[in-house]
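Take a look at the structures listed below.
Two complexes follow with subunit A in common, the first pairing it with subunit B and the second with subunit C.
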Partner chain A sequence: MIAERWINGTVIAGILAVLAYAILADEPFTITLLTRVTILALAAVGLNIALGIGGLVSLGHAAFFGLGGYAMGILASHAQTFTPLDLGLFTLPGTKSMPVIWLVAVIISALAAWIIGLLSLRTTGVYFIMITLAFGQMFFYFSISWSAYGGEDGLSIYVRNGFPGVNTLVPAQFFAVCFVALCLALVLFHRLQASPFGLALNAARQVPERVETVGLNPMRLKLVAFIISGAITGLAGALFADLNRFVSPTMFSWQLSGELIVLIIIGGVGRLMGPVIGACLFVALEHWLGGLTDFWHIWLGVILLVIVLFARGGLIGLLTGKEGAHV
Partner chain B sequence: MTTLLFIEQILNGLQFGVMLFLMAAGLTLIFGVMGLINLAHGSLYMVGAFAAAAVAGATGSFLLALAAALAAAAVAGALVEITVIRRLYGKAHLDQVLATFALILIFSEGTRWIFGSFPLFLDIPDYLSGPVSLPGGIKYPLYRLALILIGLLVAAGLWWLTARTRIGIQIRAGENDREMIAALGVNISALYTLVFALGAALAGLAGALVGAIQSVQVGMGEPVLILAFVVIVIGGIGSIKGAFIGAILVGLTDTLGGIFLPELFKIFMESGAATQTGSALASMAVYILMGVVLIWRPTGLFGARA
Partner chain C sequence: MSEPVLATHGLCKRFGALSATDNVSIDLQPGEIHAVIGPNGAGKSTLIAQICGGLRPDAGRVELLGRDVSQLNTKARAQQGLGRTFQISALAMEDTVLENAILGAIGAAGRPWRFWRPVLKDTDLRERAMAALERVDLTEHAGKRTADLSHGQRRQLEVAVALTLSPKVFVMDEPMAGLGAEGSKQMTSFLDGLRREAPILLVEHDMDAVFALADRITVLVYGRVIATGSVKDIRQSAAVKEAYLGESA
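Our next item is the complex of A and B:
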């Protein structure tokens, strides 16, 4: 059996190797695919905090992904038409600066996660799954009916937003920005998992009663995890919108929430690199099977079924011979 | 805004509500008895609609189409239960969510493979088309009235089945104690397959009935599925009575909200902004309703356990 840290190192090295190949062979599309992997992995790392450590099966994380995306779309569209954003009490100028957009995306998704978490965490189990799903749908329908920002058609941004010192129009440089964000999130995940907070959260997933007995509030632990989780997924949403230079209600769709969970499961629940491996495999499958047949989702479904029924710990679990976290 | 319009919208809301009930009843029954969260329930709705459209296209008979929808959905449900779902009982909810998510992918793409991406159309039969005059001078489409009636009949039938028949007693006993009724000689796995097929048939029926007023297309089941989730969360998971009341509440809220919220905002806003704010708020109304119910009762109106 292979040690998990070897797998982790191999994955990062593999991504960088593909990047090097793509730069040398001048294949910008491969870099775009890699960027897609990186951003999806970032979103799933966010979800992994709630799902993997906290055991919160959120089927509504697309809400945060979409909020991040719309934060970018709305700010950038105001900047590109030079109209200030009217918030009633005061107006804000739009912006094309990534750090500002990210900050807004993180704050908005954290706020949303706080409210959704407060309501959803009153419940557990199936209720929690369905409620998070319903909140995701609420944002989905809201974005469709809010015609000021494109409604069903979405919003296009003509030029990718800028990051100080980086030319984001060059695929490799934009990839670098996303990759650094992913690495920082992975470091955060790793530190969080080993921190007293992470340990308490882990315990709250397994035996909430005991956590309560030692004087901690499991509900509060889960809420904080949910907020951090939503904020990271929101950041990924802003990056994803920048990758496509397009935001639409599909970013809020419940299929996306499902896919984020799928990424984690393919890789391994609660594993540091689970989401990254999942995202690599998902995008590779999408690209490869999608080229072979228009109906590649059937095969994705079959693969998923096999993983759920026969390979409980995901790919990392299979390689290391350990099942990993039970949710 | 007249009384006539108001009554018409209430009837529309009821019609939507009873169709949601057909979906929600199966979901809540399957959860209550087997403890399974089934995302693929919307796919069975779609299977019913496609079977009905195909049979109606071949034979021209609406009744045959309905029978085909019931049969196809029940058979698909039973097959899925025997091959996949059966392995998921007692597993973590996360596994159930994923496996049934995988089933959705397989069902949706499989249907697209067989029938193509273009929507099919299912016509309302002649004897159910056209408006009917109700007391008070209201003209209302006969077909929608028939849907309300069918929905109410199914609700009554389900109540009778669970409360008055032997199989119903076994189903209710299965909810409470699986080992005990297995020990009493009830074939529990056959009972589970039956319950799953029954839920599937109800979803298929709903798909076929609604398919005649909307288009029959891949992915038609998921929006309804999610509303059905909202319904059972409001009503309390596992409770058929809760599913009925929840479905009617959601149906009325969604329909009336879409019509009256924009009008309401017109009282104190200018027309364009009012329509936009009103319709945006209306699209969220059922979820707000759910939020309110949950703050008040975290396990739903009639739910006993989480």
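Our next item is the complex of A and C:
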């Protein structure tokens, strides 16, 4: 069987090889697809902290993805119309600067995750899934009715936001920005999983009663994981909005939450590169099968079914011969 | 008698019409093993849950080291020095033996909020965990997945996790459950030595172990204490014989 670190290296090398090909062959659309892979993977890496390590099956992560997206959309739309953002007590200028937008996206999603987590983590199992879904839907319907920012039609941003020292209008350069963000998130995931916090969180997923009897609070561990998770997914949302230069309520849709879970299950729950492999496969299927038939989700469903039935550890589990993320 | 390390005063817990704990007052003195026995359904598990914080009593209170801890949750009581083992092993089965012990060490240090440094490279936590594993003879299995341990080894690990906390009191829910004759004997001699570190409230079905270890025995029937006394008292008590040990004893 193949060692997991070889698989991880191959995936990263594969993405960079496709990038090199796309640059040499001058195929900007391929770079855009790769950027899409990278951003979806980033969002799923965020979810993987809650789902993979903490066992929190959140069907509401689109809320954070959408909040990140709308953070970008709102700030950039005020900047492009030169109208300040009126917050009642004070006004803020809009901005076209990615670092500022990211900071806002991360803070807002972390705050939302804190509140949602505080309320949802009282429940477990199916109830947790349902309550996170409900929160996601609340944001979805709110965004539809929020006509100030496009309502159902969404918001278009005419020029991609800027990053110091990078020409984000060049697809390869914007990809590089997203790819670095993904790599940083992967490093964070890796360190987190091996840290004292990761060990305690992992135990809180398996035996919460044990974690309590050693004097730790399993719910607080899960809440912190949920906040970090939401913040990363929020950052991905801001990047996704910048990729499309468009924000709409679909970023809040529960299908997106489901897709993030599917990405992780396909790649391998709790595995470092699980979300990345899942995102590669997902976007590849969406692109190729989507070109052949509108019903390509059926084939995604078949793959998911096969994996759930025969390869519980996802593709990484299948290749390494180890079903669990651990040991 | 000196100040008890652990005591309950008039604990009561009802589930509908069933009185699972009926005015139970027991105490645990320094250096002793106090066994709680009783037939199935006598309310032993309910009593443990109230002592450890998983269940709130309807009336009465629990005192740990002279402090009323009735309002504290499980986590806070553990921090006050209550070390508990479970009847059915509550261990992270996917993790290694060492990682389970390290969880205890993280709890003892009270610092799970470290997100960056690999836990296995933390020598303090590691040493504390390894020391506990060594005491229950699991050193050579430290790298094994907990799910791959034998039943007896899991019982040992269960005790090791409690040891990492250096508790002031042990509350052990059937540590001998499912152990063979040999395993029971080993565990018995281990617990015998452990009482010098911290007293043990021992709920146990294995009568050989109870009679060998206990300084005092409390007999619980239908949630009520029907007798408390030395091994000799309990063996001779007519009420206990009738209610619990049966004709043959």
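To be clear about the criterion, the second predicted complex is superposed on the first by the 324 of 327 C-alpha atoms of A that agree within 3 Å, B and C clash if a C-alpha of one lies under 4 Å from a C-alpha of the other, contacts with A are read in each partner's own complex, and residues count from 1 in each chain.
FYI, contacts are C-beta pairs under 8 Å (C-beta built on N, C-alpha and C of every residue); 3 or more make two chains touch, one makes a residue touch a chain.
Keep in mind that what you see is a predicted model, and the values were worked out from it rather than measured.
A.B. asks: Counting only touches as set out at the top, which of subunit B and subunit C does A:Ala176 meet: first, second, both, neither?
C.D. replies: neither
A.B. asks: Of the partners subunit B and subunit C, which touch A:Ala194 in the superposed model: first, second, both, neither?
C.D. replies: second
A.B. asks: Name the contact category of A:Val269: first (subunit B only), second (subunit C only), both, or neither.
C.D. replies: first
A.B. asks: Return the chain, subunit B or subunit C, that is in touch with more residues of subunit A.
C.D. replies: B
A.B. asks: Considering only touches as defined above, state whether A:Leu305 meets subunit B (first), subunit C (second), both or neither.
C.D. replies: first
A.B. asks: Under the contact definition given at the top, report the residues of subunit A touching subunit B in one complex and subunit C in the other.
C.D. replies: 326-327
A.B. asks: Which residues of subunit C touch subunit A in the complex?
C.D. replies: 52, 54, 73-76, 78-79, 83-84, 86, 90-96, 99-100, 102-104, 106-108, 110-120, 122, 125, 145, 161, 164-165
A.B. asks: Would you tell me which residues of subunit B are touching subunit A in their complex?
C.D. replies: For subunit B paired with subunit A, touching residues are 31, 37, 39, 84, 87, 92-95, 97-99, 101-106, 108-110, 112-113, 222, 226, 229-230, 232-233, 237, 276, 279-280, 282-284, 287-288, 290-291, 294-295, 298-300, 306.
A.B. asks: List the residues on subunit A that touch subunit B in their complex, please.
C.D. replies: That would be residues 51, 57, 59, 119, 122-127, 129-131, 133-135, 137-138, 141-142, 144-148, 254, 258, 261-262, 265, 269, 295-298, 300-302, 304-305, 307-309, 312, 326-327 of subunit A.
A.B. asks: For the complex, give me every residue of subunit A touching subunit C.
C.D. replies: 191-192, 194-200, 202-203, 206-207, 209-217, 221, 224, 324-327
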